[in-house]
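Before we start, here is the structure in question, set down as structure tokens.
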Amino acid sequence: MRPINVALIGYKFMGKAHSHAFKDVNFFFDLELQPVRKVICGRNPEPLKKAAQKWGWEEYSTSWKEVVERDDIEIVDICTSNNMHRDIAIAAAENKKHILCEKPLAMNVGEAKEMVQAVEEAGVKHMIGFNYRRVPAVVLAKKLIEEGRLGTIYHFRAAYLQDWIVDPDFPLIWKLRKEVAGSGPHGDLNAHLIDLAHYLVGDIKSVMCMTTNFIKYRKLPAEERELSTMLTAKSGEGMGEVTVEDAAFLLAEFENGILGSFEATRFASGRKNYNYFEIYGSKGSIIFNLERLNELQFYSREDTPETQGFRTILVTEEVHPYISAWWPPGHIIGYEHTFVHEIADFLECIAKDTLPIPNFYDGLKCQAVLDAALLSAEKGERVLVKDLLK
Amino acid sequence: MRPINVALIGYKFMGKAHSHAFKDVNFFFDLELQPVRKVICGRNPEPLKKAAQKWGWEEYSTSWKEVVERDDIEIVDICTSNNMHRDIAIAAAENKKHILCEKPLAMNVGEAKEMVQAVEEAGVKHMIGFNYRRVPAVVLAKKLIEEGRLGTIYHFRAAYLQDWIVDPDFPLIWKLRKEVAGSGPHGDLNAHLIDLAHYLVGDIKSVMCMTTNFIKYRKLPAEERELSTMLTAKSGEGMGEVTVEDAAFLLAEFENGILGSFEATRFASGRKNYNYFEIYGSKGSIIFNLERLNELQFYSREDTPETQGFRTILVTEEVHPYISAWWPPGHIIGYEHTFVHEIADFLECIAKDTLPIPNFYDGLKCQAVLDAALLSAEKGERVLVKDLLK
Amino acid sequence: MRPINVALIGYKFMGKAHSHAFKDVNFFFDLELQPVRKVICGRNPEPLKKAAQKWGWEEYSTSWKEVVERDDIEIVDICTSNNMHRDIAIAAAENKKHILCEKPLAMNVGEAKEMVQAVEEAGVKHMIGFNYRRVPAVVLAKKLIEEGRLGTIYHFRAAYLQDWIVDPDFPLIWKLRKEVAGSGPHGDLNAHLIDLAHYLVGDIKSVMCMTTNFIKYRKLPAEERELSTMLTAKSGEGMGEVTVEDAAFLLAEFENGILGSFEATRFASGRKNYNYFEIYGSKGSIIFNLERLNELQFYSREDTPETQGFRTILVTEEVHPYISAWWPPGHIIGYEHTFVHEIADFLECIAKDTLPIPNFYDGLKCQAVLDAALLSAEKGERVLVKDLLK
Amino acid sequence: MRPINVALIGYKFMGKAHSHAFKDVNFFFDLELQPVRKVICGRNPEPLKKAAQKWGWEEYSTSWKEVVERDDIEIVDICTSNNMHRDIAIAAAENKKHILCEKPLAMNVGEAKEMVQAVEEAGVKHMIGFNYRRVPAVVLAKKLIEEGRLGTIYHFRAAYLQDWIVDPDFPLIWKLRKEVAGSGPHGDLNAHLIDLAHYLVGDIKSVMCMTTNFIKYRKLPAEERELSTMLTAKSGEGMGEVTVEDAAFLLAEFENGILGSFEATRFASGRKNYNYFEIYGSKGSIIFNLERLNELQFYSREDTPETQGFRTILVTEEVHPYISAWWPPGHIIGYEHTFVHEIADFLECIAKDTLPIPNFYDGLKCQAVLDAALLSAEKGERVLVKDLLK
């Protein structure tokens, strides 16, 4: 195994998930490359230092700009808030680093195009962190579709439902601010669903969208009272405006005639990380729910008529994607395993000199649908996705 | 019990369901009225005669016009294809009959308004056959919402999925012809969902809709080859055009701020009669699926934090709506029971001289949303429901 | 259709279910015979009269002995408490009536043998009311097993769980008294499971059993205070002893090598009518739950390896047993439908002069297993079923 | 953090799971100790060396005897086949090592007693690897029971079902040989269930058991043809006898009056790692299934009557046991996480100088029930557990 040095920018939720994946990937997978957790970057030195120690990074740095210029770094992994993606990715590309960037790729199509151009010019490997493409059950779904076991596909119905801001006392964190996050559950959750649709069934032609806000003002987070200048505190002392949508529902017509829907919200009490989709075809159907990510439901019209039904496949058999690296049948895996798969595949692409999938092109395509949807919501009209890519 | 004579128009699926309900209603419920299955009407004397005998109707007639004029008839029950609803209902009203009419109320808002006017002028009781309002689990949902156990409601997500025309060899029956059915799954299935939304959470303000067709030409049904003049046989001998949509998906903004969706299709392989909705509120959530109509899922944020989860209530307890008439806990009821409840309530309203719910006003309101959605699909724009009611 | 006169003995829960089935059977099924609800029998004239009126019986009588001697009666249907089965059945047989008897057949094997002898000598048709053999999903299970789709069967795991006496204030009704009921959930619930095992997978060779009581004394029911002489009121005024078991669990070795279990209790909080079984074979498996009686779960090792999983068959298709008489796919049926099927089949057997299944022989075989289990619990030993049939 | 050196004996399935846990434990948990993967032991140097490299062990050794005597080793972790547990544990104890031993503790009660005596005399920490006590949902179940939310418990119904030897061509591996494994699914799977019962609801008083074999002879594994001397090759060339049971079902009476059942088999087609239990109490009930280990079902009779139902708690909230170390709500964990929890707790006990739970006393108690059950199966009688502990 050849060691390869990694710089990770960001040390929150995604930073932890990626750190763990880099740590575990060689334990489970036989790879040509062995990632070295070289340096982790962030703005706050204290928690950053702790993260570095706990997660096994050799160094930490508060300057991502210096880090992406270091000669010893081969991979830059971007786990920051969305408004930082473009600058870091472009700098990393200019320094010839391979890049793994969390989703959504950018704040908008314009940024995404710049990023695509940068990696193209640099000739580096680039990947976008749509990790749910690496759920074994999702890969199995892809395989069944490619084998024709669903026949012609008629519908893709997807929802990504959470409830972590239903409480009106939940504070105004960065994910609720347009300047930092770009959008709300749309970019956070619909992005995943749209990418899964692209992966599984095809490209989207046009969309109609409605968005809404249920709670318009929230209290500022304790640690960010000093940031109040960036907020319009309309509704009282220590309060700020939620500038992203709370929910975004969209209908989609696909290029191949599929009629689909995508619904993302953070106001679905009882749903925690309910990334759910149903695919209906002329020969069969598929259902997936991330909260039960070890399972795939499959219905086949090719079964004998009296035994047709949705079967719950426990996707933990050796014949299933990625599973042979893990445990015997019935011993389920968890959320973080998708990142191990992602990193394993990313490293293999670098080793084999092939382009990872999904990459920045996929990120751009997803961004175009996201932007088209928001435009549709604004104008109250059906919007063609290609008009965003002109 | 006072006997009350009923005339039933139509002897297919709904004719059977209603006939059975009239037969069984006094077995299970204590009512002031006892319906007498007096006369059943239809066009084809042979099958009509058989239906009359098997289902216990005293007479049969091929002239609904004569029947609705008979003095001995007090109730006219309309179970015909949709294009007949208006004429029969208006004639029945003019003859001072109480009317139960299957859904959707009419072919369009214009017809629905005429029907409303007719029953208003006649002063008769009128009811529309949105039977799913009489599923015990749905009534329980209503009760929980009214008690405030869901708090402020944020989302109503509904789907009505079937698969009975996925097979391209399925023939061009009346439900696939606009002249007879008015629309496809939109009027057939979305109508139910929209009525449930009206019943459970409130009125709809505006909609965005997409519809589509997957199979445009189908073979004529064997028994209807002579009808070929009414069809545009474009794609070959014995074939006819499907003139209603195969699927209709819509987004909805409610008057009270709810963001919702309604998705109806007959192309969802594996879904048979999947009338499904989710309601998310600030304090709790509810899930219902007609294929498991004895169950209601309920999530409460008021449970202790570590025990919150969707509970599956088996709605078969004596404390549950309608159940005391039936069996002990855990002994489930079926689809046809909703009609027994509907007829029981209808008879009680006649006996007590009160207006049944849902009635023609509800039917009209539903029709306006249906029409608004089709208009939205056609224009590619958001449409205000109130514009249809002007 | 030829009319055939029926006398029903008993007017409680089973009386209602059977009455309804006699009422509805010709509405749904095409039969040679048309049952006439001639006379209903019971001890209490007031409620009996009401039942007769509501359920459509022409007459009522407080003397079953007179009724079973009437020349105009062809069918005697026994829905009384268990301690009456033998006498009524023997009298009915002597009067050459066809007999439908509720389960369990008798209070013990001795009585069951007498009943078998009586019907054999009389040459009448006899059936036992194991109605769950008439659940479409159960008949489908039987068909799959007979087609070899489960291969060699290894396990039959069954449970019948209820919770209606968990409340210590629930009174001492007849089902809790050995003199009237014979046994508790063992005869009430395990009887069903054992019969299903006999029907689906084969005969039982030996058993080991444990039984227990959780609440030994209960208050007398209000209407039965005068019965206190038949009770041993040990624990205070108005209290009586529970003389049947509260739960009975047994292990079973089948003649064909299957290892099975049967567990019945009335102390399973949350389980209402949870009649559940799993059958595991070399080629596939089956799961059934009466609370979702329209569904059957089926696992097949003959599916492609990566798509194996328990499929939930919605047993509402025309190809499924009994369903063509009812509604379109996805329109579920309920508990009482099993009785309609039972009566339909019973009438057909009378019309065709064939022996109904299950009949008194099946009732006797079930009784032997029940008795063997209680003997095992008493002695703390494995008991051979055949020893009970000597 | 203080480093603490570990020796791991065994490098198969459990060796991998434990290795990973030692690797990951400090990434997620804040502990006083940091385990150092010092040396891994096994018999076959080639695969052992690979395992050492892949799993990050500094050294490997083919002599566990030498290793347990090394001064630099503080923890001995026993992941061998069952027949080695006693000798290694006693040697480790004599060398004053803290011991983590996989389950079942021993081949029989006699061995287990010797092991208990050894660790008592040595004064070392000892733990037994009943890792399912560390599933968050199971710990939540324990908490709910301790809080009295189930009231008096009436039933514990458990099953551990697998299907990995249904195929008659599956070879005669060590787990199918009594000399090596002690017993079949009884010691392998029932052991887990019995320990969970001890943990959750109390001690077992007496048992009745049936065991069986479905496939008596199997082909020898390719790599073990040379072992044929230890096998009785009765049924042909290259075949050997299965000397453990294929299934073991038992009934149990608990000291506190609970009536329970335990059913383990490797012949349940479709069940992969189905460790399932139901607990029924006077106030509520609980259901758990390891194949969905992130969920706990809970029924409470204290809910309002019309909303009682089994709720599915997604045990991924910060308030749930162990979860704060992992991911946000709805981001599920997998099978291997139970070992991380186990190792974290084990290390904390060493650091805090307290006895881990479950320990060798728990292992002995479980062994007594296991032996009592096999004795019951052999004698066809109810057996008292205490008789095995004399």
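Side notes on the structure shown:
As written, the chains take the letters A, B, C and D, and residue 1 is the first residue of each chain.
Going forward, a residue touches a chain if its C-beta (ideal position, glycine included) is under 8 Å from a C-beta of that chain, and two chains touch if they have at least 3 such contacts.
All of these numbers come straight from a predicted model, not from anything done at the bench.
The fewest steps needed to get from subunit A to subunit C, moving only between touching chains, is 1. For this pair, subunit B with subunit C, the centres built from the Cα atoms lie 37 Å apart.
If you average the CA atoms of subunit C and of subunit D, the two centres end up 41 Å from each other. In subunit B, the positions touching at least two other chains are 271, 299, 308-310, 314, 317.
If each chain is drawn as a node and touching chains are joined, the picture has every node linked to every other.
Of all residues in subunit D, those touching subunit A in their complex are 13, 17, 19-20, 23-24, 26-27, 30, 54-56, 162, 164, 271-274, 290-294, 314, 316-317, 326-337.
Residues of subunit C that touch subunit A in their complex: 140, 143-144, 149, 295-300, 303, 305-314, 317, 319-320.
Across the complex, subunit A is touched by residues 152, 154-155, 157, 159, 161, 163, 166, 208-212, 214, 246-247, 249-253, 257, 259-261, 263, 265, 267-271, 278, 280-285, 299, 301, 308-310, 380-382 of subunit B.
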